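Could you have a look at this structure, given as structure tokens, before my questions?
Chain lettering (A, B, C and D) follows the sequence in which the chains are written, and residue indices restart at 1 in each chain.
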Amino acid sequence: MNLLHSPANATPPSQIGNIHALLAEIAALLGKLAENGGSGFIDLKSLPLAPGEARQLHDILGRGEVTASIDALGPSEIIETRYPGVWRVLHRNAGGDITADLLEIAHIPEILKAHPDDVRTSRLRVLERLAGTQ
Amino acid sequence: MTTSLAQGVNALVDVIDRPIAAFFNSCVHCGFCAEACLFYTETGDPRYTPIYKVEPLRKVWKQHFTVWGKFLHALGLSKPLTIEELREWEPLVYDACTLCGRCSAVCPLGNDVTYMIRKLREGMVAAGVAPEGLKGAAYRSLTIGSPMKITLQTLKATMRDAEQQTGLTIPLDKEGAELMLILSSNEIGLYPEILPAIARIFDKAGVSWTLCSTAFEATNAGIQIGSSDVARTLVQRIVDGAEKLKVKTVISPECGHAYTALRWDGPNLIGRPFPFKVLHITEFLDQLRAAGKLKTSGHESERMTYHDPCQIARRGGVVDAPRNLIDMIADNYVEMEETGIANWCCGGGGGVSSIERADPLRRKVFSKKKSQLDAIKVTTVVTACANCRHMIEEGIEDNKMNVKVVSLTEMLAQHV
Amino acid sequence: MPDPFMTLGEKLALQGVTRRTFLKYCTSLASLMALPPAMAAEMAEKLAKSTRQPVIWLSFQECTGCTESIARSHSPTLESLIFDAISLDYHHTLQAASGGAAEAARLASMKEHYGKYILVVDGAIPMKDGGVYSTIAGISNYDMLIDTAKGAAAIIAAGTCAAYGGLPHANPNPTGAVSVSDIVKDKPIINVPGCPPIATVMTGVIAHVLTLGALPELDEQKRPKVFFGDTIHDRCYRRPFYDQGKFAKTFDDEGARNGWCLFELGCKGPVTRNACATLKWNGGASFPIESGHPCLGCSEPNFWDAGDFYRALPEPAGKVLTTAAAAVAAGAVIGIAAGAIGRRKKAKAAAERKPVTSDDLK
Amino acid sequence: MNDADFLLWVRGPGMIIAVAVFVFGVLVRFLEMWLLGKNVDLAEPKGAAFGAGVRTMFTRSAPCGEEMCDGGFVLFSSWAFHIAFVLIFLFLAPHILFLKSILGFGWPALPKALMTILAIIGIISMVALLVHRFFHAVRNFLGKTVDYVAWTATFLPLLTGYLAAHSPLFGYSMSLALHILSFEIFIVLIPFTKLMHMFTVWVARYINGAAFGRKGVAV
């Protein structure tokens, strides 16, 4: 099941105010990103959200244009929300359990970037391939 | 014997029994007994809390009869009882307790504090720590035969007066009579009207009765001072007299302690049940009434109430009889708020009236009876104990109250 | 054999594991250990750059359950990769070498990595009779621990036996078994109790050391707070039934079928600190309470002697009735004796009591 | 000693020691009292002693009938905490588990909400009684150290029990351990303090009621 698929009228407005605080923090992090390009994170698993609040948050954030999936020892999903610069990063292990559930406020999530070391390794491997095809 | 602390402690060790141990084990220091004691309610002095008055007895119990107490004692954490302590407690145990039994009836734990005071007095006497007034009364009882030095001659004089007044013969030493009447010193010395009154009633009812030349004194100073040895001697005189005259019933007069001494303590003191019945005069008169042998005429219109003597009512179980009798002749009878087995003491029972030192305290605590009487606005107080009568009369005089005190028997005699 | 100086990143890269995988692992690890998510990238960098961390694993009085727990692998997990990546220089269950060669490997590693290696211990250490009850290559567990601990950077006591003495320590403890921390006092020790401990916790602790170069925050029992901060009860999905007072009374009653709280069946969840209720077992499949069995409290000290496993916590753990019966007998004897002494005392007092006469009243 | 060891100790050796001292002490104290004996009353009775004694065992719980005394606050508070203490001890579910494990049989529990209310009533009553004792002339005068020890020993099981059930202030293990320990202290102190009245009051009331009953007086 896609957890991000959100029914329109799933939950009533929050009574506790976690949502409000979260949105305020997202706004602040977006401000920082716009100003100096610094990225920020919110670990949703560590927050004591009341039942229904997570879904309410995702209803608000919605889905944007980009969806990426990673297959690295278990599936991961990276979804841009309807607010560009706000990404949901959802990691699962091989058993399918969620191991991390973050909001990343960045131009592009860190996990999507190819690491310089990997780039170097890639180059070597491509060179090896070249050598092999000659 | 010579009295000593050792003898006192020895006596206490002798008298401590399961009831006393159960009572001390149970006390939670809740203080309800204080509210039941007129010496506390009228003075507000917490030293008059009944359970506090038996502290020396508690000490002996704990040190001699509990493993824990012996252990503490061995460690030196508790000191033995001293003669000074007994002297310190003497005014609490004697002056400030009339053995009225109210605390015993109230204690939520069921402690019969009165029983404990009575037992503590055994030790106090043996230790030689007892008020002079009571010692004197007990001494005169043993040596002369009466605490108030009433002798057979005095009795005979009273009898003569009664015979003149009534025109009846007062029987003395009549063997085989149904009843033997005994009288308290107060009734012979202070209220001689009682004898003609009784004679008149008995005559009308056709009662076969007698007085006894060797056993006319009902007052038992031994019970008051708390010496079973003295009490036993005095009870034995009455038992001997009754057995000599072969009477079926001994009538205890209008005296509280006389009744308790003979009726409840008597058989236990001499160690065997009596071959005769013991009735309080009001019990007997009520039996006559029930049998239709007591006819009265005329009524008292005075607003009156009945003061229950503690030893007759709460400690004696005679509550209805006097009321049945008063009912025959009283038009305007009211009860005090606390009455029957809940009645407040006159303040002079248990030997207190014999302790000169206790006079101021006794007169002070009369305020309880005064407020009870004031509340119901009576002009006459009927009672069935010569000592209560005397105490209330004194109180009325002290407080300049417009109330008179009458003996139930005397009042009844006027209507037969 | 791979180059021993290869970094972990390089080594895993050969297996086609990208740095993205490191980042994902470290992100999950940070989330698991309640660290700021922003640290994940740095941790991944360090993990990738780390050379093979030398580890010496000593197994003393144990059942190999702890090794089984950590070494078992249903699918290639991140944890198992990390575990594979360390340099396990000595582990007498897993290593190929045996006899003198194995001991030589241990001594060589100790010498080469003096002050740097992590020492993992599973099993308790028998102290009685000179420690003869468990020896390896003729060396008592005690001597080997003392010797090996000297050069260790840190010690991980894996499993309840190493952490608290565990089963060997249980009453009557015939071998005089003690825990690692009873013996070693001068080294950082991390207790990872559990019978067996949760594999994720073990690897998490190792990864923490590798990535952050420091021990995780420990509680007063030297357990990593992040995993042992809450009780099973605190995190139990059956907790609402406890709060509502709905309890299974037997293993086959309606309450048990309805999945109610197992408190009355002896569950030690309220007094057991561990992460079973959140991390679960067997690849996150389940944990004891989820399968209908009360928590035994296996990660707590002396859990073997903590009364009957199936006795509820409020119930006394000892033989109260037997004691009470003995106390009744003793109380009756002493009480009757005290009563008899009291009566004799009274009789004596009665005999010695002299009557009060008129002379006494003058 | 950590929380778990502490809990283990109070559930095991602590409980054994406490029960042993309690049973032994109570039995000794009861026997040393009982065996002192009592003289047979030779006076002809006016009423039935036995029935009156049994009656008083119960009626004396309300000592201020017959206009004997003003019960008021103290009587009410005393009732409240006695009733709360006994009902909670006997009918709280975990307590039944405890008793069942010793006795071998159990009985239905009362609702936890009722127990909570009773505990609050008990705690408030006991505090009120303590404050009252400080300020009341007689009760302050009579109060000795052992009275305050007994008060504390009775109060702590109520308080720690309430805390263990409602706000584990020190964590569950510690809360439960403290509660069990407070109970153990309570039962250990019974034979050494006035708490003994829970056993002897029945003897005292019977003797008192029987003595009055023989005289035909119902008190």
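Going forward, a contact is a pair of C-beta atoms (placed from the backbone, for glycine too) under 8 Å apart; a residue touches a chain by one contact, two chains touch by 3 or more.
The structure displayed is predicted, hence computed values, not measured ones.
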item: Chain pair, most C-beta pairs within the contact cut-off; value: B-D
item: Between subunit A and subunit D, centroid-to-centroid distance (C-alpha), Å; value: 63
item: Interchain centroid distance [CA atoms averaged], subunit B/subunit C, Å; value: 78
item: Chain centre separation in whole Å, for subunit B relative to subunit A (CA means); value: 98
item: Centroid distance [mean C-alpha coordinates] between subunit D and subunit B, Å; value: 37
item: Subunit B: positions in contact with at least two other chains; value: 16-17, 65-67
item: Where subunit A touches two or more other chains, by residue; value: none
item: Junction residues of subunit D, two or more chains touched; value: 28-29, 32, 34-37
item: Contacting chain pairs - touch in the sense defined above; value: A-C, B-C, B-D, C-D
item: Residues of subunit A touching subunit C in the complex; value: 40-43, 45-46, 70, 72-74, 76, 89, 91, 93-95, 97, 99-102, 104, 110-111, 114-115, 117-118, 121
item: Contacting residues of subunit D [partner subunit C, same complex]; value: 2-5, 7-8, 11-13, 15-16, 19-32, 34-37, 93-95, 97-98, 100-103, 111-112, 171-173, 176, 180
item: Touching residues on subunit B, where the partner in the complex is subunit D; value: 16-23, 25-32, 34-36, 40, 44, 46-47, 49, 51-52, 65-68, 102, 104-112, 115, 263-268, 271-274, 277, 313-317, 319, 337-342
item: Parts of subunit C lying in touch with subunit D, wherever the complex brings them together; value: 220-221, 231, 233, 245, 247, 264, 270-271, 297, 300-302, 305-307, 311-321, 323-324, 326-328, 330-332, 334-336, 338-340, 342-343, 346
item: Residue ranges of subunit B touching subunit C (in the complex, touch as defined); value: 1-3, 7, 10-11, 13-14, 16-17, 64-67, 125-126, 128, 135-136, 138-139, 142-143, 225, 227, 229-230
